[in-house]
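To keep things clear, I will list the structure first and then write my remarks on it.
Letters A, B, C and D name the chains as they come in the text, with residue numbers starting at 1 for each one.
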Amino acid sequence: MTSIVNLLPHLLNGIALGLLFSLIALGFMLILGLMEQINLAHGSLFALGAYFAYALCAARLPLPPDWLAVWAAVPLIWRFAAAVVLAPILVAPFGLILERLMRRTYGRDPLYGLLLTFGVAMVIEELIRVVWGTPDYMLPVPQEISGGFIMLDLIWSTYRFWAAGMAIVAMAVVWVIVERTRFGAMVKAGAHDSEIVQALGIDLTKLRVWVFVLGTMMAAFAGVIMAPLWGIRPHMGVDAVVPAFLIIVLGGVGSFWGAAIGGLLVGMVVGLSSAYASEWSMLSMYLLLLLVVTFRARGLFGKKSVLEV
Amino acid sequence: MKNSKISSGLSRRLIMKGGLLSATAAFFGPWKHNHVWAQGAKPIKLGLTCDASGQYGNSGQDDLRGIRMAIDEFNAKGGVLGRKVEWVTADTETNPATGTRVAERFVSQDQCGFLIGALHSGVANAITQVANKYGVIYFNTNSSAPSEAGENCSRVKFVWDGNGTNFSKAAVQNAVQKIGKNWLLLTNDYVWGHTTSAATKGQVEQAGGKIVDNLLVPQNTRDFTSYLLKVQQAKPDVVAMAIGGDDMKVLRQQIVSLKMDEKVAWINNQQDWPDIWGQADTLFGVFGTSWYHKLQLPGVAEFVKRWQTAYPQSPIPVPGNVSYNGYMSTRELLRAIERAGSTNNRAVIKALEGHKMPAADRMQHYDAYIDAATHQVQQTIYLARRNAKPADPTDLFDVISWTKPETALDTDAPNKCKMKAPADIPTFDA
Amino acid sequence: MALFEAKDLHLRFGDRVVLESVSLAFEAGQLSGIMGPNGAGKTTCFNVLTGRYKPHRGQVLWQGEDITGRSPQAIARLGIARSFQLMNLFDEFTVFENIAIALPQTRARARNMVAQAYADPALVDEAQAILARVGLAERADDEAKSLPYGARRALEIGVALACKPKLLFLDEPTAGLGSDGRARLADLILKLKGSVTIVIIEHDMEFLFSLADQISVIHWGQVIAKGTPAALKANPWVEASNLGRLN
Amino acid sequence: MAPARTIPTITWAMIVVWLIFASVPLWIEKVGLYHYLGVEILIFAMYALAYNLVLGHAGLPSFGHGAFFGVGAYAFGLAQFNIAANLWVCLAAAVGAAAVAGALVALFISHRRGIYYALMTIAFGQIFWFIAIKAHGLTGGEDGLLKIERLPATLGVTVFDLKSNVALYYFVLVVFVAVSFLLWRIVHSPFGRVVKAIKQNETRARFVGYDVWRFKAAILVISACLSGLAGGLFSMAQASAFPDVMSLHYSGYVVMMTLVGGGLVSFWGPVIGAVAFFLARDIIGAVTTGWMLWFGLSFVVLVLFKPEGIAGIYQSLAQRRAKAAAPVVAPNSQAR
C-alpha cells in the first residue's frame, strides 16, 4: 500500500502539469479547429508572452529612466498582475500579422501553412535572441503566490497550484466563449463546414482574424503562467509547441474536451512515469500517443477532418 | 522541460573578429596579410571554441574574456617569439556536432595552430577528436568531467579545471562523517554528470556512506518538481548535485522557493561563478571551486583590477573560476611556446608535460603542476558556502577550506588514461 | 448466373440507413442503368460495389464468387473499373500518362524500380489506342489539368477503360456536359457496349433510356423498380415518383 | 507503332551537377571555404535528395526524417565497434538499420496522409531522438558516440585511405553519384510513376488497382535507407554520431533545404537547397550573428510567394524566355 501512497504526490503533480499542458494546447486547438492550420509558431507566441511578462515584472522596459523607476517601485504583485493581463494583449498584434501572412496559404495544401509557421517560429526565436540575448531569465513571482506549503508530509510549490488554478480559469473562459456565445457557435460551425458559415452571411475573414487573436492571446497567457516554472529562454517555444500538438492529436482535432482531457492524460502519464523512471518520463507521452492513435485514428474525441485528405 | 535538448536547435554562430584579420576577410579571397608585425613573421593563430549559446552560453563568454585578456597581455609586450597572437572564435552552441564543425573550420580554414575553450564535456570530446586527427594542441579550459583526464584523455589535450573526483575527494569524507550516511545523487545526464556522480559514489562508499538513489536529470530540464518530490520521499541526509550551467540556476531557484534548502544538506560538486552571478539569493549548501576573486593572496586584487579594466562592460563584474581558467591556461600555453622556442606541437607538448606552476604565480594556496600521465592540471581545491557577511555585492562565497592537489588527486585516472606516444601523433607546426 | 450480383446490401452511417436490402444483378455484355433522385444512395451503392465501403449485411458476387468487403484495389484487379462523378484524374500527369499508369501492363511491372516506365512501344500503342477511342489522341501530351471539361470527362472514362475492365461502372458520366458533349459520350458508350459490361448511374433519363438494356431505380436506399426502359416508362411507381418524366 | 516514351538515362543536368561537385576540392579553399564543409554539403545534398523522394515525389510530409539519418549514423559507429571495422559492413549496417526504422514507422503511418502524416512523423522523430539521448549504453547519450574511424575503402586489392577530408569528399562523391543516379531511375520507373500517381490522387490509384499502402510504405523505407546511408557517411565525417541530427530542428532543416531548393518541382532542387543552406550558414553566419533570422525570413518569403523554390524561380524564368522564343510550350510532367 505504501507504494500507492508514494505515487499519490506524483499523480497530483501530474494533474497540475496536465492542466498546464491543456492550457498550452488550447490556443493551438482553436486555430487548428477553425482554420485547419497547424500553427507551429504557437510556441514562439508562447515565448513572446513570457518575455513580455519578464520585461514588465523585472521592469526592463524601453522607457525613460524616471518612468521606469516609478514602475519598478510598484509592488511586484501588481507588476505581475499587469503582466498576466498585458502580455497577451501585447502579443496579440503578432498574431494579427501572422494571420495576414497565413491568408496566402488558405485553400492551398495545409503543408504550406505548416511550413510558413515553421519559418515564422524560427524568425521569432531569432528576434528574441536579438532583443533579449541568449541567457536564461527567471520571472520573479510575488511573495503571495510563491514558496511552498506542506501536504502529505511533503512540501509543495504554491505557484504550481496557483498556475494550475489559472489554467482552469482560462479554460473555463474559453469553454464559455466556444459553447455559450454566438461567436463560439460561428467558430464551431466554421470548424465543421466553412461553406455553412458563409451561407449564413458570416464574414469568414473576420472570424478567422478573431480566432487567431484569441489563440495567440491564449498562447501568450500560457507563456506568462509557465515562465516561473520553466524559465525564460529563446528556445522555450519548441518545448511548448511539441507537447501541444501531441495533445491535440491525442485528444482529437477540433475538440475542446479532447484538448482538455488529452492534456490531463499526458500530464498524469508523465507524472506517474516519473515516479518509476524519471529520465524516461517524457518518452511516455509519445508512447501514449502511439497507443491511442493506433486504436483510435482520430484521437480520443476527434471528428473527421479535412486534414486527413 | 525535459525534452528540450533541441535547444541548441536554431543554431547560430558567433564569429568574432580577432586582431587585424577578421574571419570574414577569409571569405573574399586567399589569405592576405598586412605585414606590420616583426618583419613578416606569421602570426600565431588561436581558435577559441567557446559557447555563446546553449546551456553554457554564459560561461563560455566568461571563459572567452579570460582567454582574450591573456592574449592581449602577450601582444602588448611584443607577442610570442616575435609573432603576434591572433584569435578567432565561433559559437559551439554547447553542442558536440557544432563543436566538431567549428574545430574543423578553425584548423583547416582559419589555420589555427591551437584550440582553446570548452565548458561541456561532450563538446570538449568532439573538439578533441578533431584535434587528434590533425595533431593540434587543444586546451580544455573548463570542462571538469573526470573522464577528460581519464578514458577520454589525449596526448594533444590539456585539462585545466579541477574535476569531479578532485572536488569529491575534498568534500565527501568530511560530509559523510559530519552530516550523514544516506546520500542521494542528482546527476546531469551526460558525461560530466555521470563521471562526477560515479566519483562521488566511490568516495561516499569508501567513507562508509550509502547511495540511496541516483536521479538522472536530462540537460535543459526546467521543471524539477518531480525530482524534488523524489528527493523528499527518499529523505536522504545529503544530496550531492552534479547539475551544470543554467540548469543549476533553475534547480537552485526551485529548491529555495520550496524552502527545501534547509531540509537536507546539499553539496554541489562545483559551482561555476557565471552560474551563480545574479542569483545570490539562491546560493546554499557546500560547493567546490578552483579559484575565488577575494582569496586573501598576493596578486589577486591586482588581477581583478586588470580584468575589470579590460572588461568594463562585462555582464559579470568580477572574474570567477571560469574566466580564471581561461586566462591561466592561455597564459601557460603562450609561455610554453616561448619555453619550447617553437610552435611545433611535439615541442610545445614537451614543454607543458610535468610543468610546475608556483602557487604565487597562479594565485592559489599551493603549487600546481601539469600531470604528465593525464595532462590534467593538479591544483588547490577550495570548498565554500554562502557568505553570511559579504564585504561587497560580489562577495558571495565564504571559502571554508583549501585542499592540496596531492590530496585531491584522482589516483585512478592514470590507469584509465591511454595516450599515444608523442612520436605517434601527427606533427603540426602553427 | 449474372456476371456481377449484389444480394440484400445494407449500409448504415451512424444511425442513418443509406442502403436497405438492395439487390442488383448485371448480365454479361449488357448495359445496365441505375437511376434515382439526388441523395437516393446511387453513388453509395457504387462505392459498396467497388469496395470503397463495406456493407453491414449482404453479399457482392463476381462470377459467383463472394468478393464482399475486398479492398478497391483487389476488386479493380478482378477487372472491375469505375469512373467518378467528381472527376478523379492524375492532374499533374499528361493525358497519356493518366492512361498508361492504369494499364494492367504497368500494374504488372509496378514493383520494378529501375526500368523505365513507358519504354515498351506496345504499351504506348495501347495507351494511344485507348486515347483514340475516347477521342483524345491529339492531346496525349497535354497536362490533364489543362483539359477542358468535356475532354476531362472523356479521359475519366479512358482511365477506367485502361484498366481493361470486364465490368465498367460509370458514375454520372454526363454530369456538367452540354448536349453536344452528351451526344458524343452516348456515341462512345454505344461503341463500347457489347465489348464490355457497363453499369451507368445517370440522372439524365433520356440519355439512359436510349442506351440501357435494363434499368434499376433506387430511392430512399431501396430498389423500387427494375426492368427494361420500355417497361419502366409504364411503371406507375416511376411515374409517381416523377422520375420517368423526360426532360 | 508509336515511339517508346523514354527519358534519358543520363541528363545534362546530371552531368553538370556531378562535374561541379567533382571540381569542388580544386577551388573550395581558394574561395575561403574548407574541405570539411564540402563533405558536409555533399552528404546533406544526398540526404535531401533521399528525403525529397518522400516529400516531393510521394507528397508525404515527413517531419521526422532526422530519425533515419541519425539511426544510420549510430548504426555505422556501432557496427564498427561491435561487428567489423570494415567500411562496407558499416555502411550496410547504416542502410539496414535505417531500413528497419523506416519499416517500423511505415507500419504505423502509411495509411495516413497530409497533416496527420506530418504529425505522426514528428512524434516518431521525437521518439527516436529521445531514445538516442537516453540509451547511453548504446549511443553515448547526449555526448554522442565517439571515436568512429574513417575506415579505408577496400576494393579488391586496392585500398583507399579516407582519413583526409579530400579523400573522404571523393568517396562521398562516388556514393552521391550512385545514389542520385539510382534515385533518377526510381523516379522514372513504373514504381516511381505509381508513387507519383498516388501523390496526386490516392483514391483513383486505388481504383485502378494499386495497393496504395504498400507503395507509401515502400517509398518511405527506400528514402529511410538512403537517408541512413547519408547518416553513416556523416558519422564518418564527424568521427562521431550525435543525437541532435535527430531533433525536430534538424528534421525541419532538411525540409527547408528541400523546399528552398525547389524539390517540389525539380529533381535537383534538394541539392540546390542543401548548398544554399550550408553556404548561408557559413557566409551569412560569418557576417552576422543571427544568420538564422535572415535565412528564416527568406524561407518565409519563399513559402509565401514562390513555394517552388530556387529551381521554381529558374524554371519560370526559363519558361518566360522560352515563351518569348516560341509561343507554345509543351507541358511536361516528368521530373526535370
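The rule is simple: a contact is a pair of C-beta atoms (placed from the backbone, for glycine too) under 8 Å apart; a residue touches a chain by one contact, two chains touch by 3 or more.
What you see is a predicted model, and the numbers here were worked out from it, not measured in a lab.
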Chain whose Cα mean lies nearest the overall Cα mean: D
Most distant chain from chain A, judged by the mean position of its C-alpha atoms: C
More contacts between chains, C-D or A-D: C-D
Approximate Å spacing (C-alpha centroids) for the pair chain A, chain D: 33
Rounded Å distance between chain B and chain C, as computed from the means of their C-alpha atoms: 75
Separation of chain A from chain C, taking each centre as the mean of its C-alpha atoms, in whole Å: 49
Centre-to-centre distance between chain D and chain C (centres being mean Cα positions), rounded to whole Å: 41
Two or more partner chains touched - positions in chain D: 126, 130, 134, 248-249, 290, 292
Residues of chain A engaged with two or more neighbouring chains: 122, 125-126, 129, 238, 242, 279, 282
Sequence positions of chain C contacting 2 or more other chains: none
Touching pairs - complete list by chain label: A-B, A-D, B-D, C-D
Chain D contact footprint on chain B (complex, rising order): 3, 5-6, 8-15, 23-24, 26-30, 52, 91, 95-97, 100-101, 104-105, 108-109, 121-122, 125-126, 129-130, 133, 152, 189-191, 194, 218-219
Touch list for chain A against partner chain D, complex: 36, 38, 101, 104-105, 109-112, 114-116, 118-120, 122-123, 125-127, 129-130, 238, 242, 245-246, 249, 279-280, 282-283, 286-287, 289-290, 293-294, 297, 307-309
Interface residues, chain A side, partner chain B - complex: 6, 9-10, 13, 17, 122, 125-126, 129, 134-136, 138, 141, 146-148, 154-157, 159-160, 229-231, 233-236, 238-240, 242-243, 271, 274-275, 278-279, 281-282
For the chain D and chain A complex, residues of the former touching the latter: 61, 108, 111-116, 118-120, 122-123, 126-127, 130-131, 134, 248-249, 252, 255-256, 259, 290, 292-293, 295-297, 299-300, 303-305, 307
Interface residues, chain C side, partner chain D - complex: 50, 71-73, 76-77, 81-82, 84, 88-94, 96-97, 100-102, 104, 106-107, 109-122, 124-125, 128, 141-143, 146, 159, 162-163
